[in-house]
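So that you can tell them apart, the chains are marked A, B, C and D in the order they are listed, and the count of residues begins at 1 in each.
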């Protein structure tokens, strides 16, 4: 059999971002693969150290293009813990509304990439059309669609207008209705099942070895979500979705026939299902948040943006559950008006490290599907 | 910082650590260690039946007065205990590497953190020279994240 | 023999079952997209927004009030303090000011915003006390030359003798207090 | 080629104008193949636009009608970046041979058919095979890994597709008694399609269409030439005019296969007898050929658009799944259909 080496360069239609892979092919089966990233290293953390504390917030915003809210929130939590800033109730629930909307928009972007890798263009357009509704919400509240830059230390930049609350409820119903449509067209489609069941299962040992967190880990049955422990989510009840290891059935009459061949736990279809279920969870959380939105000040008025606004010396490490996994931020401040050190520990790094072991033995045509299913964000891994 | 955990740590790590302080606002303890003791302390923490620290959450490097401080944020998935191991290494000069022990044998997920810190801070873990894939050519070897590296915003060239 | 026959029929049944199931699922997906073909219901209309179309495309005032478009600086109210220049992460604002005809008047000679580097984060607008720097909702900022991307709101350099005149005026204003 | 004489006589030429076959070939390709290629390209884009909640081409001409022309001109004005390698010259020769060799044997109506031999059903079948051979040579001739993978996949897929579609043709031949186009058409009426003659022929229809999709790697089963994973497979380095030839070759295969399906299964160009006799009474044979041609092309377009609709709504299968589907599912079904038709015609 002919053995070929093939290097898929940084710019390739099926890659989720600029990463360079050298594949050792044995016919169509991939024997080994070597991943090299670093094309999107922008020196984010060094830039944070050069500018004022508020400019650092802006840089945190650009850590991950799709999930801008998560890195902003984790930096705000860390700095608020150092400086002992009290965040009013209303600001916290506004932040959580933004986080859950960001999670739904990131999962919709994941579904678009997944559908494109499998070749179903129709679903790509449906999913991106529904994601537009969420980006419109972001623009209405914060003024920008992607890099929101809306969180400030001690609260939020602006208040929630009441028109926003109704729009959030409308978007929740719209997404709920649309997901039933996605299930009919795509999720339990025979060809999609054939392409994804039993492909590249992520074993629990590999998860522990690589430190993978988030939906990729939950799809393989590792029930661990850092939202459960965090104080922000105390008042909300939601459960942690996991792959099809438990009851798995397809709705409607096709469900009776869809005794799908049970692909193993943690395969590509599981990772897809987990994110679908997380979207429903996020919608429930949004509904609870919007229902009990407390009144009051949206920002701790004692803090105002000033060019020499010092943070007392100290350090802190905060973590929260972003759409891709556990995002941690270690902030060190030595008392000046610019940060001493801001370091982000991002979830994509672990998936990238586990990629060579995951990809061994799959067919070359399944490579884009596996890459899309891991929801890699190279901007987040390279920083 | 619950005292039971601190006494347990002092008992099993007799003499190997310099001091135990609260990390940040004091949720969990941070252990200041000698560079040479890192590996043995890590193994002890991992095998200890009561603690079973088997996961590493984050390894971050900060350049403070004591030099480059490596802080390993470790936790146990079994007993939900969280710890921070702190070690400091003084860089001799601006452009040569700092030697530090690598903990890949104890916590395998540390590998990616070590590669990146090796490249940005110039720390050679277990003597391996960092292979550069993050940095562009002209900055390799200058270790940009160190305080000594002064960064100038490149002038915006207006092309004719 | 019996064992062999039974397993063949089971295998045949599951073979036909998988054929029927997958063809039904494929047909199901097709008919699930049928409403889009026949445009049934409001939620299945096309959503393309023909941008340069004069009728259907969004203009500046369709955007929500807080959207952060190109910057505009009202030079009358601007005090030339340079806060925005300092806080800007992209370092794209350049301010130069001189003392004007009398102490309270400041002549902001240069106020350039380089939109080739600006990222519309809104920090400069938040930090501006006199509220002279605001976000307009204009978003069409394309230009052919890199220099055209620099929007300058300054009043322009002051000629040498103009500066001399102001200098004398200031002295005259401050001198009589000492004289009287 | 009697229809050519009709037209010549209608235009007042004498019957013995030299080079008549060339004129006929040019007419067929210019007035039938190219317009249907443009029409299907436009309808496909508009249909998938409706399907995907977007507007589709609307800038070129009224509601984007001139979009196929725009595409064609765009491609034709570009030349390929690198000089033609030997492999590509061979491929272009094979491709044009496949395109124009079987032009004479396309069944376009009772009078508009140029060649109607005993084995005329197998001539377009042969051109589909040569198309697949050409694509494989194009892929292998590029000496790049995506080209190599694409070439091997096209070969595997076309082999897998020939077996069931060949048996599908045999079923119809057995039912109609001969492989001549006119005999096949004669065995069907305006509403009496062989597809509904008996269930085994319906099975043969499904197998024939499925085998054709696999053989020519048409939209729903184009795993071999998929754009996403190996960046277009064989067509990685094909740009400009060659890409136009490549795309036209793929459309030509799809069009030929649909015309064959309509003629074999879906009541080829048979128009109702009353209409036919009314035209004969008026001695307007040209009108008969025109109406038959439009009815045949109408059914072909509907079949093609139905296939494209399935392609747009479903994801794309992998090549090994396509070949398993072809060998594992279409093959046995084809044999069942063959045996069934044999017994049915015997009874």
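The rule we apply is simple: contacts are C-beta pairs under 8 Å (C-beta built on N, C-alpha and C of every residue); 3 or more make two chains touch, one makes a residue touch a chain.
Because the structure is predicted, anything quoted here is derived from the model rather than measured.
Comparing mean CA positions across the assembly, the chain most remote from chain B is D.
A comparison of the A-C and C-D interfaces places the larger number of contacting C-beta pairs at A-C. Measuring from the averaged C-alpha position of chain A to that of chain C gives a distance of 23 Å. Note on chain placement: the centre of chain B and the centre of chain D lie 66 Å apart, centres being C-alpha means. The centroid of the Cα atoms in chain C and the matching centroid in chain D are 50 Å apart.
With centres defined as mean CA coordinates, chain D is found 46 Å away from chain A. Each of residues 47, 122, 129, 185-186, 189, 191, 194 in chain A touches at least two other chains. The multi-chain contact residues of chain C, meaning those touching 2 or more other chains, are 26, 29, 32-33, 47. Of all residues in chain D, only 47, 49-55, 58, 309-310, 312-314, 329 touch chain C in the complex they form.
Of all residues in chain A, only 47, 51-52, 54-55, 58-59, 61, 122, 129, 132, 139-144, 147, 149, 157-158, 174, 177, 181, 184-186, 188-191, 193-194, 254, 257-259, 305-307 touch chain C in the complex they form.
Chain contact summary for the complex, chain A toward chain B: residues 36-38, 41, 43, 45-47, 50, 81-82, 208-211, 224, 314-317, 319, 326, 328, 330, 332, 334, 340-341, 343, 345, 349-350, 352-353, 382. Put simply, chain C touches chain A in their complex at residues 17, 20-26, 28-29, 32-33, 43, 47, 63-64, 66-68, 83, 86-89, 119-123, 126-127, 135.
Chain C contributes residues 19, 26, 29-30, 32-33, 36-37, 39, 44-48, 50 to its touches with chain D in the complex.
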